[in-house]
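Pasting a structure here, questions to come.
All chains are identified by letter, namely A, B and C, in their written order; residue positions are counted from 1 within each chain.
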Amino acid sequence: MLSVASRKQFWNSQKLCMNESAFIITVSGWRQCYKTACPHSHSPFYFSSTLQSESSFKCFFLPCSRCNSAWITAVMLRNSVFSCFVFYGVLLVLKMYVIAVITGQIRLRKKAFANPEDALRHGGLQYHREDPYVERCRRAHINDMENILPFLFLGAIYSMTGPSLWVARLHFLVFFICRVLHSVAYLLALQAPTRSVAYTLAQIPCVSMAVQILMAVKSYA
Amino acid sequence: MLSVASRKQFWNSQKLCMNESAFIITVSGWRQCYKTACPHSHSPFYFSSTLQSESSFKCFFLPCSRCNSAWITAVMLRNSVFSCFVFYGVLLVLKMYVIAVITGQIRLRKKAFANPEDALRHGGLQYHREDPYVERCRRAHINDMENILPFLFLGAIYSMTGPSLWVARLHFLVFFICRVLHSVAYLLALQAPTRSVAYTLAQIPCVSMAVQILMAVKSYA
Amino acid sequence: MLSVASRKQFWNSQKLCMNESAFIITVSGWRQCYKTACPHSHSPFYFSSTLQSESSFKCFFLPCSRCNSAWITAVMLRNSVFSCFVFYGVLLVLKMYVIAVITGQIRLRKKAFANPEDALRHGGLQYHREDPYVERCRRAHINDMENILPFLFLGAIYSMTGPSLWVARLHFLVFFICRVLHSVAYLLALQAPTRSVAYTLAQIPCVSMAVQILMAVKSYA
């Protein structure tokens, strides 16, 4: 630990930076009080603290609270692997929503409702019944949940382990294409083993990502 | 690339900063060895490396490994859109847990168990049976999974695309209120179409977030 | 706001840093054009802008776009709480995949298929039927989704609220062990209440994390 004097020297050398930068240096317990305007004029004063003891010295570069969000946006979305993952992840979520809409439409067309209150509204309690095709849609949706939701976790973490862009995109694309094929095969009842093959191929990038993540963090177990 | 000499000059100009800041500058392969105390006294020495070649020059500002966590906390939780999302997201997770507890209580009260081992413990195998109200709770829970879990993904990413706080809060609040209403309508079997309307309204912010995210990352597809 | 002159002074004082650091300072609308090589030689020029008006002054430290990913990796994976969470989270996802594989194998061995096209491929439509043990596997899998997927959300956010490592690891380990025990108890139909106890114990760290997160972000509601 340096002396208080050398800290003040450091602090003075940073003053210009404080006035001009969106990054503040918080020094909890600094004896002198600095009040500086945020260059984006978001808040009139965003720094003020007093040095009290040697032990309370804390020093971080931080964006001011209103620039913080823009800074995270810049850092995350300029991560091309992460953005690539987000693109396919969101498309797969929309695909799940489409299956939910299809299920609802089939229920209405085939008059097969899971709840008596819905059946009453659409013709009577005799329509509170199961339908094989509605059940097929349900199975397709639940299988999506079993596989796409874990992918959303694995893909996000995998993006942070620093893979090369084309390897990562290959993982995401294989999963995306196979899951779309899986849904088509399920809803159109394509001949076996189309659906099972699509399912199995989609699991390969998932297991690959899981193994690579475990390699990266195994020392923190 | 500048010469090794100009790098050393840069390095020397940063020395004071190194001694005082929680941020270290890692220069892999630096010939000279610097050992500096972390100002938070977390580890006696946190920098030591030697310059070996031109190509290995890497330079990042990084918090020391023990301050790293506090820094992420400061950056993430000062992102007010993200924190707002987290608040409603966690409440919705707790709501799902409540439905699970209700399902368990109804199973005990109505003596309708999904597994023979549970039925045996609570009176006999004749209670290994289905009950319409238990099935209703199950459907409410599965519908929550189909919608709340994708929201947890969409909301987190959406928070990083830099939306204005009040627009983002509107998205989260509409989803939150509609999903609570959906659960109430499901468990109390409210007259149709209360539940369907709540479901549909809750999907609007989700689709809106999905579209805004796709706009933000479409160039990385 | 300082004058344009003092900004130029600030800018000149940062020039050495710009030439050597992977961090650039973007000043949208700067009148003078600076072109500097990224020290990692990823792109020949990564800074170029012109000052146009007082109001457009924006200033961030940002890694160059190709170093950005490596920087996020360094920051996230050096967060030991987050990496510990990721380790157990990924293991639990793999555990869910194992249950899916077991379900598939049981379907083949017991010849009980959910879809007629699968039954046709494996002997005939008479095998399009339900089997009690397959249904047990399905329930184990759905219970995993109800509990492990919300854990993946809660654990990630909890890691960013700055808990101490050993408290956080305790949360993750209790959840991990109880969920593995839950799956074993479900698939082997262990005597009640083994499975229920494992389920309940696993919920304790989840509710604890949820409450701690809500405490941390309640002011952003």
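Here is the rule we go by: a residue touches a chain if its C-beta (ideal position, glycine included) is under 8 Å from a C-beta of that chain, and two chains touch if they have at least 3 such contacts.
Computed from a prediction, not measured in an experiment: that's the story for all the values here.
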| item | value |
| --- | --- |
| Chain-level touch network, classified as line, ring, star, complete or other | complete |
| Interface sides of chain A and chain B: same vs different residues, half threshold | different |
| Cα-superposition angle relating the copies chain C and chain A, to nearest 5° | 120 |
| Computed distance of Cα centres, chain B from chain A, in Å | 7 |
| Contacts with 2+ other chains: residues of chain B | 61, 63, 70-71, 76, 80, 142, 145, 149 |
| Of all residues in chain B, those that touch chain A in their complex | 16-17, 19-23, 37, 39-41, 61, 63, 67, 70-71, 74-76, 78-82, 136, 139, 142, 145-146, 149-150, 153-154, 157, 159-162, 186, 189-193, 195-196, 203, 206-207, 210, 213-214, 216-221 |
| Contacting residues of chain C [partner chain A, same complex] | 1-2, 6-7, 9-10, 13, 25, 57-63, 65, 68-73, 76-77, 80, 83-84, 86-91, 93-94, 96-97, 100, 114-118, 120-121, 141-142, 145, 149, 152 |
